[in-house]
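In what comes next, chain A is part of two complexes: it sits with chain B in the first one and with chain C in the second one.
Here is the complex of A and B:
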């Protein structure tokens, strides 16, 4: 008990303790803020990818696509672990306005909006048709026209604060979409003729997925129209991918494994049939693997930041070490007194470790509280800095980031607090050991006072 | 612990101790023999540097001799382990130092019950806290410090601090009280007050070994032992 009492008193009554305490609190504050922001960004990015893809993708990178998708969809829809399935046509296209001479390259995605919204978050990304996804491809100004949904960054410009200036209702605009249809062998289907399939679509809505790459390059088209444009609507129809959503109680890895097993069996059954060789290019991937090249880059940045802050932690260990070294030097008399009343070496180490633990705990508490307060106001602080000094953490006209993430992740918080306490204990260990080794007669001698 | 047949509570035989001072080796104790009976009040006198404090530290197991044996109630202290030695310092011996050596961060009351707290785990302490506080208050009352219980050591006079140190030394009802120049840092009137406390304690049956360089103060003890050149010169007759 005396260890706790003395630890508290050392912490409160020794000014030098405040230095270590402040170092811990400041370090925790910085790490909480930075890790919350970066973890939030990574989490949002992953969530947005998950929402955009669904749980699992059975698909091919080949622009030719693969056949017999309807048979496979029918089969997996019978499985008890499937919530929804959506066939998707993906390809590249050239797009230009009706009165424009300039074409731009885009990616097109042919989907059935209702089915796709059951599997992904597509419906939520819409602005005008958010509440009626079935009309996503029906322009409000003329529902009979073939509509298209445009990635928001292709259509609207963000202001300095990252907000889009949405129209009250979609403006009438015609987009000419040209695709190069391919044969099952990957050759141009219209070689020697006009090469491309072109169709006019009318702007019906924007899609804001929160993924910069997607929102700036994708145009969503009605599924069958996209199939026709890409030359996939032949006698044996083809698609690029099947997006799947699992029932809520199904674990991602388990679900993907089951789909992969079903796909393997399906491919075996289709062997020898027409265009069956296209099935060999198909892979079954979880959403994480499907978007790995994008997610991995973010995770790498997060890892690098974590390493950088681990180095900050090492600095804290050193500060705590120096402070404890000084405290122990000042407190050698106390060690002698304690030993004269029967306190053991282990008890002395425990006393200073308890002191270090309290320093870590209280420093963390103050750092976390400060970090929480700062994060609570971080967006307002950024707004203030932008309005008065033109400073912005991320240029919103360039980065697809809305508000700065400010929700503290409990797991991250626990790791930070445990690390801070661990750093204090590590910094205090050597001085504590040194104190434990002190002989009482040396410290209580008159010449030592 | 078994009691020695000749009723000595503390016995030292052939104690040797030396220190290194640079290249030179300084012999402080050169074959000291000493025996203290139960309920005795022994004063060890000697000039500065004669080895009095070293002897006291060895008797209280704060230091180890290079040669020789210290036995407490018949038990050789050099043969007991670290854990038992800590227990011995906590339960059997009470130290009073010249410079009081109180913990500045604790109140007077906490300083007094510190030895009781140090020997208990958190749960053990929670169980005996009430008793320990009561005992500490009782001691402070006997030492005339009831009003000072919640003060900090730096708020007390030298004499008061030394009385707090005595209270702490007596907290666990030790078999022997070892005092190293207990009046050395006090004026004569305050020092006399401390000696009166010792006399009172001794009358109540407390065994005391006191180190002092002042013959006048040593006269208050029942027996005087003089230490010179690392050896015991003369053993005083019992009072």
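Here is the complex of A and C:
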């Protein structure tokens, strides 16, 4: 009990301890704010990737694609852990407006919109056809035309608040899409002629996935049309990938393992059949592995920032050390009296550790509270700064970021608080050890009093 | 003299002062490293545009002919060292079995001399004989290979095997169908060309996207019905002594005269021509990067305020334990300002030593950042810098001494501020209270 009483007493009576408390609170405040923003951005980015991909992808990087996808889809649809399956054609294409001289290079994705929306968040990314995904490729101005959905950053510009200037209804626009059709060997299918397949599609909607790379480079086409353009619609049809969504109670790793096992058995069965060699290039990946290249980059940024904060946080350990060193120097008589009435060395260390813990806890509490208040208003503060001083944390016309993330992640919060308390305990350890080593006979000498 | 004596004495007797020096050094070093790396990144970003496009870029709203005459006129000017025409378009490249990718085609003059031997993987001046193949082109290294997942380095031996291979490129050829209405017809056109060399500029987005062909070939493919060669852009290198603003004005003058006399263009087309420096083209991004750097430095500066608190704590402790020293000095007739100066001066010394050490540490870390990053990869398997994410193959490793000096100065001021309140407490010490017998 006396440890708690003395801890509170030192905290309240020794004004110098306010400084350590302030340093802890300041560090926690900054770390909470910055890590919440960064973690929020990473979390949003991961969520958007998950929504764009689905849970699992059975696919190949080769633009030739692979055959027998219909048989495999039939088989996995019979499994009890599958919620939805969508076959996808992916390739590169050149796109040009009807009266334009300029062509632009894009990636195309051939999908069946309803099936794909069951597996991914495609339906939610649409603007005009959000409520009727089946009509995603039907231009509102003429449903008989072959439509296409364009990545939003290819079509609309963001204003300085990051909002898109959507049209009331899609404007009539024809886009000529050209692809290299490839044979099963990967060679050009139309050798000797023009070599490319070209078809006109009409703009029907935009897709806003929230992924800058995707929204600026992808155009979505009807599945069969994309197959034709890429030369995948032969006697044995081919696709680039099969996107899969698991039932809600299925864990990602378990689901992927089961799909991989099914795929392995399927490949064995198809051995010796025509184009079966294409199946060897196919891999089964979870959405995290499939988008690893992009997600890892964001996570590394987060790691680097954490390391830098850890380095700066060393100063807080120094402050706690100095404050405790001073308190121990001033309270050597307290320690002498305690030890003279039988308090052990461990108890003295516990006393100062309790004080350090209290300081870390209260400092963290104040820092977290301040951080929470700041985060609560962070978007309004940014709006104010933008309106009055033209300052934005991120230029929304350049970055695909909406509001600044402000929801504190509990896991991150716990790590920050534990680290702050740990820093206080680390800083207090040496002075506590010094206090524990004090001998009552020295500290309570008449000459010392 | 007395002050110096006391500073040295406190430094010797109070080892804890070294903690404040360490804190200042650590904070200063961190800020210097962040400022240097971020600043270096911005500089390389700006410089990459200059290296890729020259100092000034002239780009009219539409393609134009007779560009040789424009180049001749430009090169007669004292501010211009050289000028060259380019014609670009987007295309699809078929490199081999199942290997198709989107690329940007750059038609350039004097393909052989455009890139230094260092940037070319073959290392030869003429790697593929011009007589054997009708069309030869260069491709960026990222077009034909991917950097290693772990090391982020290209396998140059594997890349060399691509040299001499044939690739097929498709793009759109512009055929004016109806001259009177101005409507254009674009037909897909393919070009077979031999990869004469692979270019490694170290700038990821250039290496990943660009295919370089002779401008004449691109003209023939894109504008088959044009009797004269056309260009989309003129890239201009200025003389070292030329001032950008004056040069831009002079180039605009040349352009206006040329477009009026030779092309017979309407004023709106002439005025609509963009004549900007390569740096101006990047200015929006550079401004954004600088803002991000400012925000990051601000965050770290706020956290570094802890160092001020630390100095305050340590100095407060010194003042508390050295009350008798202060009282004796005051009783000998020292003024309050002299006493204050002992502590503020000592704070400045701590700031000077700390920031000096921080500068040395920052310099060592920044200059060896690529080695440090490599060691982190070897030990922890964590590749922090990837060209696909940060655009460049190497981390910029030059210390930004302007920022470093500013940070060091701020550190000294911060240290002085930290010692101010303890100095005031020292000034308020009353010898009569401290030196009483009891």
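Note that in this section the second predicted complex is superposed on the first by the 447 of 449 C-alpha atoms of A that agree within 3 Å, B and C clash if a C-alpha of one lies under 4 Å from a C-alpha of the other, contacts with A are read in each partner's own complex, and residues count from 1 in each chain.
Heads up, the rule we're going with is that contacts are C-beta pairs under 8 Å (C-beta built on N, C-alpha and C of every residue); 3 or more make two chains touch, one makes a residue touch a chain.
Small disclaimer: the values here were computed from a predicted structure and weren't measured.
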item	value
When chain B and chain C are modelled together on chain A, clash or fit	fit
Touched partner set for A:344, first chain B, second chain C, both or neither	first
A:441 touches, of chain B and chain C: first, second, both or neither?	first
More chain A residues in contact [chain B versus chain C]	C
First, second, both or neither for A:34, with chain B first and chain C second	second
Partner chain in contact with A:78 - chain B first, chain C second, else both or neither	neither
First, second, both or neither for A:16, with chain B first and chain C second	second
Which superposed partner A:178 touches (first chain B, second chain C, both, neither)	second
Least C-alpha distance (whole Å) that remains between chain C and chain B when both complexes are overlaid	10
On chain A, positions contacted by chain B and by chain C	none
Residues of chain A defined as touching chain C within the complex	16, 19-20, 22-23, 26-27, 30, 34, 62-64, 91-94, 96, 99-107, 176, 178-180, 182, 185-188, 194-196, 198, 293, 297, 300, 303-304, 308-309, 311-316, 318-319, 321-323, 325-326, 329, 391, 393-395, 398
Residues on chain B engaged by chain A in the complex (per definition of touch)	53-54, 57, 60, 62-63, 82-83, 86-91, 95, 97-99, 101-106, 110, 114-115, 117-120, 122, 125-126, 168
Parts of chain A lying in touch with chain B, wherever the complex brings them together	1-2, 4-6, 9-10, 13, 333-334, 336-345, 347, 439-441, 444-446, 449
In the complex, chain C residues that touch chain A	16, 19-20, 22-23, 26-27, 30, 34, 63, 89-92, 94, 96-104, 168, 170-172, 174, 183-184, 186-188, 190, 284-285, 288, 291-292, 295, 299-300, 302-307, 309-310, 312-314, 316-317, 320-321, 382-384, 386, 388-389
